[in-house]
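The two complexes that follow have chain A in common; it is paired with chain B in the first and with chain C in the second.
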Partner chain A sequence: MAIEIHPLEQFQIERLIPIHIGRLDVSYTNSALLMTIVVVLVTALLVLGTRKRALVPGRWQSLAEMSYEFVADMIETNVGHGGREYFPFVFTLFMFILFANFLGMIPYSYTVTSQIVVTFALAAVVFIGVTIIGIVRHGFRFLRLFVPQGVPALLLLLLVPIELLSYFIRPFTLAIRLFANMLAGHTMLAIFAGFAASIGLLGILPMGIDVLLVALEILVAALQAYVFAILTCLYLSDAIHLH
Partner chain B sequence: MSEGRPPDPLGRLGKEIERAQAQRVRKEPIAGDRSALQAGLGVGLRIGIELVVAVVVATGLGWAIDRWFGTRPWGMIVLFFLGVAAGMLNVYRAVTGVSGAAGYRTPPESGTGSRRWDDEDC
Partner chain C sequence: MDLASAKMIGAGLACIALVGAGIGIGNVFSALISSVARNPAAQGQVQPFAFLGFALAEATGLFGLAIAFLILFVF
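Showing the complex of A and B:
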């Protein structure tokens, strides 16, 4: 069978509009195109959906309202009071990742969140933002986050580095979780599709598995967006209600 | 809320608002009281990667420190073990529902925490 499928080909970055500023390559790529589409779609859903401001919402309006309430609820339960002001940030994050993940499920499109640059940039924004919020709100008291209470001074020598490390690892886990899940899922889909294409009539089996995997991937797409948002909430809650 | 008591109808409204807000505050626990599915899935998906990433990142950091300061192999060794500890700590916290907190939560401290919420009441 001559059909060759490269499972990783789908993650190739292509320059659609090459732009170079000096030695800097800021070309408009397929990844950037997908991100633009994500932003446009999310904006369209929210702006057009809520345009009528009907008391009894129509389809689009309830979709917009549901996503609003979902995130508002998430902040309410995980951050509590004082978390309200960070709603726009968490909501933007959630919607962006959710739409990026979902758009990646469309065949021949591109999964932005399978690029670690993208997920790490998002995670870094969260991490730096949360740290700044903590420092602004509590000043030096923020450093108490790294000093467990009621511990002998000698043990602090060991525990403070561990606490520091576990704090600074947050952006990495946040970024790698999303990136790895998307990368692995989409690679697996392509591999099974490759089986289906290369073994002829028997290919119906891997094909069937692929169908099931697509369902799983859709679940993962939604869940990963949720996990990212909820962890952002938890980190925010740490920074706001310093204990 | 700290202003003097307004006349009767407004006072009653104020009381009602206070009661509603108290209910909302009660509804928002630091950890635990989320809907079961949410909590389960969230926690489950977190812990898988937590440990691995902690070890890998810490060891990588140790390797980098060794390169910069020429302390091979001590940075890598020490940070590997610290990474394992930090990863386990993160997993432990994720599982026990102590949120993603660094540092330990002690019950007496939560009193000041909840007072802060009221200060920031919108």
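Showing the complex of A and C:
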């Protein structure tokens, strides 16, 4: 094989502006640059899109309105009563992950959500926030979340640990799901591109697969943002309504 | 057995996880098709759940695939 394949090279973090505070490394990296671009783009879409406030929306305004309505609908159906006040949080999460995933699909850019530290930070915010909301709203009764209703006492010995475990495993599954999807998808793209580059004329076949994979990855990029947002909604609903 | 061949075998074993993802995704869409065939009017209501199920089922398989890639290219 003439060409070496390094599919994980695309996830390399580079320091663009090295900053060190004491022993702490807070350099401005390519990951941070992409995050900045994501925030700027989302803000620009929503601020510029809704600036005119036309009765008959133009292209930008209807895009902004569509994304707003999509998340508002999601909260309405999944959280229902009392979920309205958490709309800004879920909307921010959804738009950030969606734009980060989509920007990652541009060749030679960087996928922010393929770093587990990013996805885990997001998932930890969701988990801690939801737990605090539940405790503030219900106080001690929040613990009823772990005790299923109408179950014989003997069975509770088995069910309560399972419920506890499934509750505390949430931030990990939430983080790893997004991270693994992005990591596996982008690695696969790079591997097939490497095949295409290394076997000459026959490389048209892996190239074709790569084209199909890009389509799948774009679907996955949108789906994973949707899944992250909808699971946040379901967890919120648990904390607000206690089943 | 040397380390290089053990890595190859390990990566291959990790890919078995994709069997489950395949079965899961197939189940999700077969259920979608049969439910829409019975009641075409329900398509709008059922489809979001199908894609949610698709994403959740696919993610479990990708955990295994990610492990395979990590074995092959990182360690």
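Worth pointing out:
Simple rule for what comes next: the second predicted complex is superposed on the first by the 236 of 243 C-alpha atoms of A that agree within 3 Å, B and C clash if a C-alpha of one lies under 4 Å from a C-alpha of the other, contacts with A are read in each partner's own complex, and residues count from 1 in each chain.
Definition applied: a residue touches a chain if its C-beta (ideal position, glycine included) is under 8 Å from a C-beta of that chain, and two chains touch if they have at least 3 such contacts.
Quantities reported herein were computed from a predicted structural model and do not represent experimental measurements.
In the superposition on chain A, A:Pro18 makes contact with neither chain B nor chain C. Shared-chain residue A:Gln224: touches chain B and chain C both.
Of the two partner chains, chain B and chain C are each touched by A:Ile176.
After overlaying the two complexes on the shared chain, residue contacts for A:Glu163 are found with chain B alone; chain C is out of touch. Chain A has more of its residues touched by B than by the other of chain B and chain C. Within the superposed three-chain model, A:Pro7 lies in touch with chain C and out of touch with chain B [touch as defined at top]. In the superposition on chain A, A:Ala184 makes contact with chain C only, while chain B stays out of contact range. Of the two partner chains, neither chain B nor chain C is touched by A:Gly208. Once both structures are placed on chain A, chain A residues 176-177, 180, 223-224, 226-227, 230 are touched by chain B and, in the other complex, by chain C.
Put simply, chain B touches chain A in their complex at residues 24-25, 27-30, 33-34, 38, 41-42, 45-46, 48-50, 53-54, 57-58, 79, 82-83, 85-87, 89-90, 99-106, 109-110, 113, 116-118, 120-122. Residue ranges of chain A in contact with chain C, taken from their complex: 6-8, 176-177, 179-181, 183-185, 187-188, 220, 223-224, 226-227, 230.
Chain C makes touch with chain A in their complex at residues 51-52, 54-56, 58-59, 62-63, 65-66, 69, 73-74. Listed in rising order, the residues of chain A touching chain B in the complex are 76-78, 80-82, 84, 144-150, 161-163, 165-167, 169-170, 172-173, 176-177, 180, 223-224, 226-227, 230-231, 234-235, 237-238, 240-243.
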